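What follows is subunit A paired twice: with subunit B in the first complex and subunit C in the second.
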Partner chain A sequence: MNKKSLSKQIYDARWCYVFVLPCLILTGMFVIYPIGMSWYFSLLDWSGFTKEAKFIGLQNYYEAVNDEFFWDAFIRSFIFMFGTVPVKIVLGFIIAVFLNNQVLKLAPFFRTVIFMPVVTAIAIIGIVMTFVFSPFNGPANKFLMSTNLTSAPIDFLGNPDTVLPTVMGVYVWKWLGITMMYWLAALQTVPQDVYDAAKIDGAEGYRLWIHIILPIVLPFAIVIILVEAVGALNVFPLIETMTAGGPFFSSEVMEIYIFRTAFVTDSGTMPRLGYACAAGVFWGVAVLFITVLQGLWMRRTRRI
Partner chain B sequence: MKKKKDLKISRRTVMKGALAAGAMMSAGSIPSKLFAGEFNIPDPLKPLPTTGGNMRWIDSGDMKGVFWKKLFPEYAASRGITIEYDGLPWKEINKIVPIAIRNGTVHDVFQLPIGMDPGVAVSEGWVQPWDDYIENLDEWLANFPAGVYLPGVNQFNGKTYGLCLTANKRTGTCLLYSEKYMSEAGYDPQAGRMTYSEIRDAAKKITKRGNGQYYGWIIGGNQVNRWEDVVHTFGQVAGAHGGRGGFTNRHINFQNGKFQIASDQYMEAVELLLQLKSDGSAFPGVMSMNAPQARALMPQGAAGMIFQGPWCIGVWGRDAPEWKYGIASEPVPDGKKAQPLYIAEGGSNTLWLSANSTMGPFAGDLIRFMGTEQGQIYWAQTVGAADPAVNPEAVAKAGLTGPSAQALAMFAENLLVGPNPIVRNKDVGVVAAKSRVPDPSLALVIQGLYTGQLKGVEAQLKDCNQRYEDALDQAVEEARADGANVTRDDWVFPNWDINSNYGASKYSEL
Partner chain C sequence: MSKYLNFIAEKNQVKYLIITIAFIIFSFFWIYPLLWVLSASFKTDFEIWGGLGLIPDRLVWENFERAWFGANMGRYFFNTLIITVVSVIIVVVTTGMFGYVIGRYSFPGKKILIGILIGTIFIPQGYTIIPVFDLLNNLNISKNLIGLTLATAGHTPVIYILLFAGYFSRVPVELEEAAKMDGAGFVRTFISIMLPLTKPVVATVSILQVLHAWNDFLLPVVITLGNPDIRTLSVGVYAFKGEYFVDWSGMAAASVITILPIIILFLFMQKYFVEGVQGAVKG
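So, the complex of A and B:
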């Protein structure tokens, strides 16, 4: 059989390329170009607004890795991820198992209730939650005090020890519905005859779930964890509206750090877009690294 | 609507004004606007384009927004244009304006973000001069008090780029208090300036009486600049003489040209804030609210005292007209006499015209009107002490009473014009453009001390002071490398008499 030349292959598939072209152009404009420019900007000493931009090589990267606030924010982002993703995965799975039961008549209602926060604007949730957790007349504190769980109001968002767990809690509540939906989709791929066969073989209760169902949905779990992990590293709007990274950096995750350095803040610091890009590139590479690791894990799990 | 010439007030308007003034006197409060229902907008001095258009305008809102929202519809209708107004908090302006400048979509008229050097805006070509859009500009500028329009501040290369309708003669950390709570605590701030001990004691007593329902003192603690504003102004009142404004003025003692962040006066001010917290007198949610949120809680009876600016007067007058409150000068450390506060020359709320704007004729026409005495009276009557009109004669004629008048009298008594390095040497503007406020800034350091995340007031302030010194040194070095003729000696004013205004004659002595 004659092997076609590359140009011939391309020519033969020309309509495919024509149809792909709009997507390629848009990806280039809105993904490739910004990424490329952020790499370039990261090598500049530039406020982002002036004409004057000085090429300084890797100096911004050097400064970032020597900045304790950078590493604090970096670590805080991962604390956020490790503190929220397992909770969402486990809770989402448990809820999905219950709501996947066809016998439960109110399942659609509960599904709707749990999913409702997902479709609510995150900025609105952030602002409303500042009132919910207010130590002065906030419903959370009113509840705690009326039930004698605490004798004095707690400044959930103003105390450096409680601010991050509080924001993490709100994040879990806000996005739990989507995790539940992922799990429901996964569980609905399990054929009914598997349940029936398992029951005939005497597998019931937790044994059914641990030994039969869980291995089947495990590949989905890897995808869900991957999506959730990346999502938990992108929490800018929630934290910006709830705490803006404060008090004194206690809830400053990487996105807030990048934002703070890229713009003029109310503490009077001047914008440094070049530096912010360096921090962003570093952060992007770190997230990519995690994604690749998870991808490898997924492939390995599939082989098993 | 019938148009009138500048400075002429119609009989009907006078009647309305007299009636409103009478009502004001009888009610003992300030009217929101003396001339209810209309502005006498004069005809333009020269024909305006007939093409119409939409003028976009952004500023930091508050009471300014209240005024513009009244005036803009009338002005727009009289000139056949539309006006889109955005009054936003500084935090938003700091983010939106730079992005809009970069994208070429900035509003026609805008305020520059805090800390951004106007010289950079001019040299970068973001703004255009007003000279072509304000008829008889020199004559118009002559109506303003000396020192409002200065080269290097709002005038560059012989042209006027920034226009100021408001004075900067005010402070943002006055003692505003609930008359009821303060009186129950046994204090009357009107009897004389309170001391730090008295503030603590009053706060404790209010908190005790409140029994968990209200507290002695409140601050918008997650808006970090509030911490710095309080410490800076209290420090000055206690005798840390220095500048106000941006990084190249603020916290600098112009007697020796050094930052005074680690001075005893600053430390005492920080200690006062920490003591209010340790006494249990601070409102329990201060770290999770911004300044407007804290301000809004005062009329709700949540706290007895707040250190904020005169802009609260208008907001409370509108939102809680029945609530009784008082305004007084900043407190002073025990056993010390209050010292003057210093403002830099120039106005405030400077308005810049976008280089891309085609609405310059309308913006210039409107601002020219607002710079006349009649426009300034209108402004003063609505905005009051929140952003005082720049023309003192117009303010006097506005007939303000109550807290607004009291605040203006207080500012007149407490504030002096201090030296301004950029007036002395315009190359200081190059330094300002090169400056980077160290991270963490003083505002954040104070916040960290308050939350307990940072320990040791003296050590932290000394570290912070050194960072500021190093940052200014570096900025001066970079400016000099770029050809600027500037040294740290430009921040030293040996002929500064701290008890008098520092004017043009003083600069010429240097």
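So, the complex of A and C:
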């Protein structure tokens, strides 16, 4: 029985509160406060650079949901997610299964190589890839032409039809190492005796995989899918440095849209922080909704 | 205790050889873009667009000179270094303290704290960037490195806290009690007994934060694009692309300056990178 009063408990734990304080202040300043403020900003007609801000209620939201570019970017973000996550999950799994073989002497080397793009600065990758996919003698086109796979250079990043698949491909390349590491962690949790027992029972080949190994790694799969899905919605640096949303907005995902309306003044228009915040809030809520949905699904699957 | 499924049998040498060769070819293509930029940084512009070969005719060190001095990458390098080092220190100290308390003690309000943290895990950076920019302006620290460093340390490091909390919760109670008997208080116990025990977590968290701080783009581009003195390397290369559009070899050299330190760090401390990454799904 705990007979200590609440104030005594709090007093006894005074050092605990002192210890959580520094981290809490930082999180408060740079995460919690900004979340609250973006809700407030979204109700303002405000350029962000003057003190003048007019309260206009939900007008920004109204404008956003009636903007064609907004919905194009919104949908494009999900196309990006559905186009990259399954590829990463499957490809990462296949590679992990191979590299999980002790016998494969070079496995650590291959693992390092595949992980290398992960540690490379994303902005640099975006910029380097504009070289690699350049239609003017870029290495990708050079390779395709020297092997006769194509007769004329392809303008990967300049053509509205090829730009999104190209960026998605680069995204998969950049982050596949992480997916592979997740899968390796999952496969390492399968106990050796499970394999041995399965072998004795005569389970081999695909039956071993479907009946023994997949059920064990499935809970991991759900966490991996969740992390990957949210990750695939945060692709600002790669797209900004590769295409900045172009050509003709054909690779503009939600984060680029927000950045463009908030900060970019190239087109001669005033930056509109209030409006960008409204788009951001709408977007944040959508992402949260997906996260919660997946979280519920995860809990259900784990309980079974 | 080995946990490997060796479906490639040692006896079956043909299969083994085929798989190894397939992976070697795959690895070469995989790493080619990085090798390409490394070799481009030593070539002349003319040579870069000349062929697919990776070996330069002559090492053109002038590319690095132009990037380091002309394009100011030297300055950006030290900016990035300062931001990275200071934010690592801040993050390790603050999340270490937080994780210690969460992992070992129960106190009123603990559940609420954990709930708040979990709630912030999946907040996209794009969602908070505008108020962060505004906050730094209002605090008058958006024009120097202080603001950028603090904001870099202040992104939600929930995974770091969980790594610390998990580790601290496994330290035996006896150690703490012995320290108390010696008359050590709460703070001294933490600093002289607990912290030294967590070196592996400190290493893992530091590595993850180095990776984040060095490679971050959205935050620095918003804060420093209009303020060249405090640009980071990533923003510097991005601006380079806009300003010196035709200097391909200089840009390749600038890219190599940016990515090489982290790749070297990764090659030497791979174990901690892997642990950090895998901690996200194991927890």
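The criterion applied here is as follows: the second predicted complex is superposed on the first by the 285 of 304 C-alpha atoms of A that agree within 3 Å, B and C clash if a C-alpha of one lies under 4 Å from a C-alpha of the other, contacts with A are read in each partner's own complex, and residues count from 1 in each chain.
Keep this in mind: contacts are C-beta pairs under 8 Å (C-beta built on N, C-alpha and C of every residue); 3 or more make two chains touch, one makes a residue touch a chain.
Nothing here was measured: the structure is a model prediction, and the numbers come from that model.
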Problem - Touching partner for A:Thr162 - first (subunit B), second (subunit C), both, neither - result: neither
Exercise for the section: Please name the chain, subunit B or subunit C, that touches the greater number of residues in subunit A. Expected result: C
Practice task
Please indicate which partner A:Gln59 is in contact with in the superposed arrangement: first for subunit B, second for subunit C, both, or neither.
Solution key: neither
Practice task
Using the superposition on chain A described above, determine whether A:Ser146 touches subunit B (first), subunit C (second), both, or neither.
Solution key: second
Practice task
Give one of first, second, both or neither to describe whether A:Ala121 is in contact with subunit B, with subunit C, with both, or with none.
Solution key: second
Exercise for the section: Please work out whether A:Phe263 is in contact with subunit B alone, subunit C alone, both, or neither, and reply first, second, both or neither. Expected result: both
Exercise for the section: Check whether A:Ala244 is in contact with subunit B, with subunit C, with both or with neither, and answer first, second, both or neither. Expected result: first
Practice task
Answer with first, second, both or neither: which of subunit B and subunit C does A:Thr189 touch in the superposed model?
Solution key: second
Practice task
Using the touch definition from the top, say if A:Asn100 reaches subunit B (first), subunit C (second), both or neither.
Solution key: second
Handout entry: Shared subunit A surface residues [contacts with subunit B and with subunit C]
Key = 48, 130, 136, 263
Problem - subunit B-facing residues of subunit A, complex - result: 48-51, 69, 130, 133-136, 138, 152-153, 155-160, 243-244, 246-250, 263-272
Completion exercise
In the complex, subunit A touches subunit C at residues 6, 9-10, 12-13, 15-17, 19-20, 22-24, 26-27, 29-35, 37-38, 41, 48, 97-98, 100-106, 109-110, 112-125, 127-132, 136-137, 139, 142-143, 146, 173, 178, 181-182, 184-192, 195, 213, 220, 223-224, 227, 230, 233-234, 236-237, 240-241, 254-255, 258-259, 262-263, 273, 276-277, 280-281, 283-284, 287-288, 291
Problem - Sites on subunit C touched by subunit A in the complex - result: 1-10, 16, 19-20, 23-24, 26-27, 30-34, 36-37, 40, 48-52, 90, 93-95, 97-98, 100-102, 105, 107-108, 110, 113, 116-117, 120, 122-135, 150-151, 153-156, 161, 186-187, 190, 211, 214-215, 217-218, 221-222, 233-235, 237-238, 241, 248, 251-252, 255, 258-259, 262-263, 265-267, 270, 273-274, 277-278, 280-282
Practice task
Could you pull out which subunit B residues touch subunit A in their complex?
Solution key: 90-91, 94-95, 98, 101-102, 113-116, 120, 124, 221-225, 228, 246-247, 283-289, 297, 302, 433, 435-437, 439-441, 443-444, 447-448, 450-454
